[in-house]
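So that we are looking at the same thing, I have put the structure below in structure tokens.
When the chains are written out, they are named A, B, C, D, E and F in that same order, and each has its own residue count from 1.
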Amino acid sequence: MKDGSLPLLAPMSEVAGRMATQVVAQCLTHTTGGRGKLLGGVPGVAPAHVVVLGAGSVGVNAARVALGMGAQVTVFDVNIARLRCLDGSLQGRFATAMATPHLIAESVTVADAVIGAVLLPGARAPRLVAEATVAAMLPGSVIVDVAVDQGGCVETIHATSHDAPTYLAHGVVHYAVPNMPGAVPRTSTMALTDVTLPYAQELAGGGLTALTRMPELRGGVNVCRGTLTNAAVADALGLAHAPLERVLGT
Amino acid sequence: MKDGSLPLLAPMSEVAGRMATQVVAQCLTHTTGGRGKLLGGVPGVAPAHVVVLGAGSVGVNAARVALGMGAQVTVFDVNIARLRCLDGSLQGRFATAMATPHLIAESVTVADAVIGAVLLPGARAPRLVAEATVAAMLPGSVIVDVAVDQGGCVETIHATSHDAPTYLAHGVVHYAVPNMPGAVPRTSTMALTDVTLPYAQELAGGGLTALTRMPELRGGVNVCRGTLTNAAVADALGLAHAPLERVLGT
Amino acid sequence: MKDGSLPLLAPMSEVAGRMATQVVAQCLTHTTGGRGKLLGGVPGVAPAHVVVLGAGSVGVNAARVALGMGAQVTVFDVNIARLRCLDGSLQGRFATAMATPHLIAESVTVADAVIGAVLLPGARAPRLVAEATVAAMLPGSVIVDVAVDQGGCVETIHATSHDAPTYLAHGVVHYAVPNMPGAVPRTSTMALTDVTLPYAQELAGGGLTALTRMPELRGGVNVCRGTLTNAAVADALGLAHAPLERVLGT
Amino acid sequence: MKDGSLPLLAPMSEVAGRMATQVVAQCLTHTTGGRGKLLGGVPGVAPAHVVVLGAGSVGVNAARVALGMGAQVTVFDVNIARLRCLDGSLQGRFATAMATPHLIAESVTVADAVIGAVLLPGARAPRLVAEATVAAMLPGSVIVDVAVDQGGCVETIHATSHDAPTYLAHGVVHYAVPNMPGAVPRTSTMALTDVTLPYAQELAGGGLTALTRMPELRGGVNVCRGTLTNAAVADALGLAHAPLERVLGT
Amino acid sequence: MKDGSLPLLAPMSEVAGRMATQVVAQCLTHTTGGRGKLLGGVPGVAPAHVVVLGAGSVGVNAARVALGMGAQVTVFDVNIARLRCLDGSLQGRFATAMATPHLIAESVTVADAVIGAVLLPGARAPRLVAEATVAAMLPGSVIVDVAVDQGGCVETIHATSHDAPTYLAHGVVHYAVPNMPGAVPRTSTMALTDVTLPYAQELAGGGLTALTRMPELRGGVNVCRGTLTNAAVADALGLAHAPLERVLGT
Amino acid sequence: MKDGSLPLLAPMSEVAGRMATQVVAQCLTHTTGGRGKLLGGVPGVAPAHVVVLGAGSVGVNAARVALGMGAQVTVFDVNIARLRCLDGSLQGRFATAMATPHLIAESVTVADAVIGAVLLPGARAPRLVAEATVAAMLPGSVIVDVAVDQGGCVETIHATSHDAPTYLAHGVVHYAVPNMPGAVPRTSTMALTDVTLPYAQELAGGGLTALTRMPELRGGVNVCRGTLTNAAVADALGLAHAPLERVLGT
């Protein structure tokens, strides 16, 4: 949309964030090469400490599930307003911290797991965790980088697949499957449909009036009333085109 | 102990119960053959429905983690007092139900996952879910049977291993690794040490006085002051023995 | 107000939403013709399932009270952002769902109670529940339609009164008193005063400056400084008028 | 049972306690003659203040629902251990107070509603609220006395019926239907069945062995193996009888 | 900023609000001249009643800590939207009320403590509590006025210091240290750094481009590229100046 | 009482535990010589870490208030059942740990505050924190030792008074006022009265029958029906005595 928000991505961020914590729990088991630690601990035995990098949709959802499973959680962000909002809804249940390189390195080094959840729309994810920091992490600790689609926010990350989802680097379990929501297609498809259905209904019912009532659809039109309206397509094919607005007469 | 409680088993029940829900979350993914459903759902998409059979230590811990992850939970037990206790601490957040065969079958048939958590001390687990009920479950739904050590409480269950933890039967993912806490040895060992340490300290520091201060240790003594005291061992070897009490002079 | 919000209606929506769930609880008793079910159930007996149509002010308040009383709740809306917001504040305690005709019918058919809470400012409420769906509901189930003022969102609804608040249709108890807040005048009057008092104070203290400081008052002025300013009134009476802005000299 | 507990009454206390608060909410409306106050208030308007007399099963369930609906709650009991237990599970959400005549009168006089929840097994309920205190209550305030079966704990109470459930005395709405769970028969029957079913199953399956495995059943036996065993019945009819234990040979 | 928000003040409001409740707890002890009342009470003994004047950042933080410590809390504001927001996140846990002189006086007179938390940006704090109301308060009750920097919102308040933080007036303990965050410099410094660091980084890294990327910095520039740009300074010194925009060429 | 419980001490433990955390908050301020840290932190700045030694009544109450104020909390005990109970009611909100010397030293060294809450009835409190550990604590950190009445559980502790409540040792603020509830006499007196009143009422109303109905009173009787019944008093004065039971004829 013109305001920069990406409504179709929001549900996928929610799915990925919630899944990220489930994956951390699984990767921490001995079977997967992890530290052999139960995410939530038990009475008398400390829970795992999870560091979440980013307090956007992915990070907030990851943090909520981690808290629900009994983990100890620290959430980093550079945006103090976002941390304030989180703190307001879950006060006293987890720590928030300013995402400075120094504080991140200090926290990550003693964490059992790190969830990379920094996604900048249309930009490369910032590299928040240096290789030296990863090397200083505890053996068998876990990194799940949800930002791998955009290059990842951990220096040692590279994309994996649902078939071979993890690898070890510096003794740390790395998980970086680009399309995490693909593992729960039933939930992901319904979540996407919830946000796309209104557009489909408008198009099916209204034809061109859909372009008036939902102007964000215009970016997807190539041909209208027999006239090519997409400048990029016209250029690529060496054809003439007319702006969509003129064709619509609006 | 003489009152029938098993203090050394309690922490293992806690570990297994909390792990059971993590395993459910993982088995519900497409990758593992599950329904491809996110345990906690997302806004606008319903969460998974988890049925927990048994409101003892395993069941309560499994249910709490499931709630923490956002699942919809129903807990069954024949002991109404246990359900009342659970309801008191978590009122309005999940349904409790009497464990009658009819109600269990009705719930299991529409559930996304079932956690078998009925452990009777020293007895075979009751068969609460018949094969016909499993056959009627949704394709890709999940059964995690923590009671497999004692025969399991689901008719189609048989033990698996950490290497090949699941199998499909009637299209339902079955997970039944007997020693679930073995997957998180760091947590399990610490939890066991918490309850065994007081005995070890008493033995190390006090010698025979430990048997006076912690009489529950006596069941583990075979030889005392050079005299065989264990009747079963004496019988097996055709040796004479004296009761421990007489040897101790108490 | 010019942004379409109706600040004076908000407190009435809160009152009506909270009352709606109280009414559901009462209508579910045998005495009122209902299913004879306790809204919150008791340990070992499932609570009632309440479907709330709409996640605006009425719906959110109805849902919170239902949760507080121990009911199982599903909230429908077409606006995914509103469901996301609700889910954030009450995660894991109730299900949210997209308001498609299919999903609504499926849920309503097995629900113990439905609360119609869809109010579109200045428009007829959409008909979300068809008569066939009502006919398929359980005998003694309950419909409370807060939207009856605007035509109601259930096909079988018609307005009732505080004296005879309910009627049966298809065996389902219908409650549709148009002015629900009228039953709690002490609370409703104070709630209205909270939002109207600032206007009254401004008018009492400032005279015409009130129209400058609170421009939303201008819509209510008919005569100013001896000049008729309301076009509609002038037209109806065949009189001349001057725009309020000109009379005020602003 | 021999320990004085009444397992079959517990679920009825839960039903009555939870219903009591629903009834309070309804009686506070103008329609029923109440103060016209919404139990939970709305933002900017104070909620009703509910005084619960007794922190047993009835009182605790009434208090939890009242909190869930947003009321301000004070719970009285003479048993400080019970108040401590309540405070532990709901700390900071309502006030507990020692049930002295002075403190009760002080609280009741300014309350919007009082729930009488003091039930002593097999004894008359203590008169905790004197007529003078009722006369000092606010006009339109509400008294729901769950203890009416045992004489009630309010001096002005007398039993009413589901058909005419309330009456006014000193301007205060009194509700005292003896069999409150009768209004929700579906829930009450299931709750009773949950606790009676184990006995029925034992009797159906085992015959006389049921009397050995569940000795609490013996108090209900009148004739066994053709011999009259109930002393009271024998006395009333002038017949001989033999003790059940002798007939059973145990 | 141009929208009137003061981002650098927000963390100081949070610190002061949270500290205010700690100070109330301490001032209520006998040692400090207070009523000798424990803020949270204990089971069977009522907690203290704290009135918070203002539901802005200071008031919300003060109220949350008071609730967390078990106090009974009433929050006043003239802005119903703010009360609605608070009620949404903490429903049923404290009372909200409209800040009319009558209701405030009524509440303050019976309160154990009052927290003045009304801060209007750049204006004198409104006098919400008259001296007569203070004189009517209970002996040993407590007033903590966070708004003392701006004149205070209680008529009897005057600034004190960390060395002699309290004084008695009308038997009421008054606390009004202007710079409350100064008592917790470690927390306050870090909180300020969190919000100032992004500006410092931009200035250090980017020089003049910082003025483009963070236009709110422009108000602090006096000289740019050798030219005086601050009109007020120029006037004071009788020098010429050029507008910053022209010097920057933007 | 004969079962070793001390019903009159329980409310004082509750008062002392809740006060302990208030005292920690105050001692952490710069004014009192502390680290200048706000107990609950603010968004973006970590809260203080409080270690509570002991999960009995004092410790549990201290921990709950600390959580309510937003601190990070770890509770130590040797009794795993007590930790399990705490974890059940507050799961996922704080860490519990086994009270081994090694783990305590490790935690205390990095904590901002320690609350000594180990009270053994009639015995000296165990020394859980050695002087070397205190010396290793952060400068300005805080120790509040509620167990000082029984010798304290920290090696460097000695009793202080309400007038001069703290002293510095190894740069750590020590607070150890023996009679902490004395600072809140209004609350403490009411709490004590709640538990002593039933005895007083029985004595006032029933005379000697009180000794039958409340046998725990017998330990306090010296003379009955003109006969000396207290053996210790008789011995001390060289007088004859008769056992109370014989005098009462029971």
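As a convention for this text, a contact is a pair of C-beta atoms (placed from the backbone, for glycine too) under 8 Å apart; a residue touches a chain by one contact, two chains touch by 3 or more.
What you see is a predicted model, and the numbers here were worked out from it, not measured in a lab.
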{"item": "Counterpart interface for C-D, drawn from A-E, E-F or C-E and sharing over half of its contact pairs", "value": "E-F"}
{"item": "B-C against A-C, pair bridged by the larger set of C-beta contacts", "value": "B-C"}
{"item": "Between chain A and chain B, centroid-to-centroid distance (C-alpha), Å", "value": "35"}
{"item": "Approximate Å spacing (C-alpha centroids) for the pair chain A, chain F", "value": "48"}
{"item": "Centroid distance [mean C-alpha coordinates] between chain F and chain C, Å", "value": "52"}
{"item": "Multi-chain contact residues (two or more partners), chain D", "value": "11, 14, 40-45, 67-70, 80, 84, 88-89, 91-92, 98, 190, 194"}
{"item": "Parts of chain B lying in touch with chain D, wherever the complex brings them together", "value": "78, 80, 84, 88-89, 91-92, 98, 100"}
{"item": "Residue numbers on chain A that touch chain C, as the complex places them", "value": "10-11, 14, 60, 64, 68, 89, 190, 193-195, 197-198"}
{"item": "Interface residues, chain B side, partner chain C - complex", "value": "40-47, 67-72, 80, 83-84, 86-88, 91-93, 95-98"}
{"item": "Contact footprint of chain D on chain C as seen in their complex", "value": "11, 14-15, 18-19, 22, 25-26, 28-31, 35-45, 61, 65, 67-70, 162, 165, 182-188, 190-191, 194"}
